[in-house]
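Shared chain: chain A. Partners: chain B in the first complex, chain C in the second.
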Partner chain A sequence: MPKLIERKLIILFLVATVALPMVHAATPEIVLEIRNHLFEPDIIRIPANTKVKLVIFNLDSTPEEFESYELNREKVIMGGRKAVIFIGPLSAGEYPFFGEFNPQTAVGKVIVEDENDAAE
Partner chain B sequence: MLLNSVIIVLREVLEAALMISVLLVLTRLLHANGRWLWRALLLGLAGAVFYGSQLEKISEFFDGVGQEIVNAGLQFFVFAALLVCTFLVTRSFRQSTERPRLLPAAMAWAVGVAVAREGSEILVYVSGFMQSDNFFANVSMGSAIGACIGFSTGVLLYYLLLMMPPGRSRFTAQVLIALIGAGMCAQATRLLIQADWLSVEGPLWDTSSLLSEYSTAGQLLYALIGYEASPSMIEVMVYVGSLLLMGVMFLSANAMDRGPAEATA
Partner chain C sequence: MTSGANRTIRCLGYVALPIACLVSTAAIADGIVIDKIYDPYVQPLEKEFEFRSLVFSDDDLADTQKHRFGFGRSLSERWFGEIYAVGVKTTGEEFRIDTYELEFKRQLTEQGEYAFDWGLLFEIERQADVDIWEISTSLIASREFGGWVGTANFDVIYEWGDPVINEFETAFHTQFRRRWSEHFEPGVEIHLGQDTLAVGPIFAGLKRLGGGSKLAWELGYFAGLDEITPDDTVRLTLEYEFY
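Here is the complex of A and B:
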């Protein structure tokens, strides 16, 4: 019995070591910057039904809050710091986001595209 | 800039103000002392200053999603405190002779932690404008207006609830506590999704064309019952699960003082 458990654990370990990095590698990363209360880039294109990791660098000295009702996301990013936000998987469409602390200037959107459309 | 500060601060203050009103109504209906509120606000203020000043460090935890994890933890803590409140309030209504000592403490912790979380965000926002004189005047003015509207809404809810007959007032207040608690759990779940600690498929439904989260009604319902236009399956499950848990608390508190005689029969 213990041997069986041992073998199961080894298999589990092997699966975990192989599968986990794969899952991680499969999450595409997109880098954004906030500078002078503007998002750069302010339009992000991502494929449909895919989880994406947004890495946002706030190059301003003041804090900003990344906010999107459509994406259901909300996060304070302190001045001179970076933040990680996961979005998706999403269906095709446009998802606006804004900087809540400077909503007049800090605006952008995520455009989610079906793979077929993107290929054309 | 002015209007923007009004909205930001209002949104943060509103959630806490509504919770405070409902808990105060229950306190009043139980003829208990409302002094716990001062302790709660003191705790909240101290917590907000501490959390706000540490946010930069906290954000770095857990590979950059510390903010989400800590915020979600705080939300679940408030929910747990509200569960205790529901249990003790229900019991107190059944046995008016006994006044549980734990009740003011549970209310103070629920409000204190909620105020700390929301207050820290206001502090971070306002502190960002400290350096620029021309903006700071506008921002502090706007924040004050936003806070006043938030408090007024809370006061309005307080008197609306107290104007009802006591039975209905108590029922409405207890239902609101359950909805506020469930909303917090759904919010916490959303934060765990944002941090990639929970994985989701797409949203279960989308009511943004019916009631937008940008609208005043949407914002008010968000603060009160955690309205979300396009929730995922897991958020809905957590919301319903929290309501059920609150219901179990209510029922078990009600069943307890039927006494052992009835329980064994």
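Here is the complex of A and C:
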């Protein structure tokens, strides 16, 4: 590999690995809780085509996994801890999610609304 | 995040992947680099058993099978470690353990936080019966495009020992997978390296087994597009994930 290209690649690699984690997001936040193996709230309404930050507090002592194939998200949240999940931008529709460790009780859905639907 | 920073990150992803692709094709090295393409994500508490099999066949070479047995577990919320034993079987020879490997994956960004999701993979391996070592670092990038997910791994590899010549190698792998259903996702992969130029379809899926455990599978076929790459490569991966 030519030396010049190799040097540029190393610089690119360093920028990607060092600089990226220093950047912070500023997106709308929605707070959820997991309590007694239930999501509260269990229905979340967000606008279409908008990225949203879900901050999930697991108030149970046991871990839970937020899981949704439709949202393409999977995240284990330790007992007594919080986790952040970014979803969207999404088109209008319903996106179910569930707790992988308690799928009978921990269920919910994200409802993505067009601006017109939200105004009605 | 400022719009400038956002733009910088997006540009970095869009620029880095094609550059890595071009450089990899221009590099000179000595390995067939068709292998698993890693995503950048780590789940705390997750453990897994993995079986990965690669079968290479070529009109001019003896068929070779490479079978990998691994156990991995998360080490923290951002780190995942896995240890492998790799066995090789070549036509006319006995199956033998060829290599031991240790790898660590670091998730760098939250999924969906930026235009691309980023991770790093570090590997060290030693051949079982000769004093040949290899270390590698891979930059992992992934992005969702509507119902598709694109993932790329750019590897920088250093190999040393006796009788190999100490050298750096590079490789690039990319996968585009359609998120059809969790049971069945079709896709395509491209693998580029010093001695590799291969492309082909992959199929993946998973079966939930309850209690958070899953069986994930992936099957791929890759056609060699140059004189050096094996004509046909088949890859099968089975991962049993549990907590």
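Note that in this section the second predicted complex is superposed on the first by the 94 of 120 C-alpha atoms of A that agree within 3 Å, B and C clash if a C-alpha of one lies under 4 Å from a C-alpha of the other, contacts with A are read in each partner's own complex, and residues count from 1 in each chain.
Keep this in mind: contacts are C-beta pairs under 8 Å (C-beta built on N, C-alpha and C of every residue); 3 or more make two chains touch, one makes a residue touch a chain.
Given the structure is predicted, the values throughout are model-derived calculations rather than measurements.
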{"item": "Which superposed partner A:90 touches (first chain B, second chain C, both, neither)", "value": "first"}
{"item": "Which superposed partner A:62 touches (first chain B, second chain C, both, neither)", "value": "first"}
{"item": "First, second, both or neither for A:82, with chain B first and chain C second", "value": "first"}
{"item": "Those residues of chain A which chain B touches in one complex and chain C touches in the other", "value": "51, 63, 65, 69, 72-76, 78, 84-86, 100-101"}
{"item": "Complex contacts: residues of chain A adjacent to chain B", "value": "27, 49, 51, 53, 61-63, 65, 69-70, 72-79, 81-86, 89-91, 100-104"}
{"item": "Touching residues on chain A, where the partner in the complex is chain C", "value": "1-2, 5-6, 8-9, 12-13, 15-17, 20-21, 23-26, 51, 63, 65, 69, 72-76, 78, 84-88, 100-101"}
{"item": "Complex contact set, residues of chain C against chain A", "value": "1, 5, 9, 12, 15-16, 19-20, 23, 26-28, 41, 43-46, 77, 108-114, 118, 120, 139, 144, 149, 154, 156, 168, 170, 179, 181-182, 208, 211-212, 243"}
{"item": "For the chain B and chain A complex, residues of the former touching the latter", "value": "4, 8, 55-56, 59, 63-65, 67-68, 121, 124-125, 127-129, 131, 190, 193-196, 199-202, 208, 212-214, 228-231"}
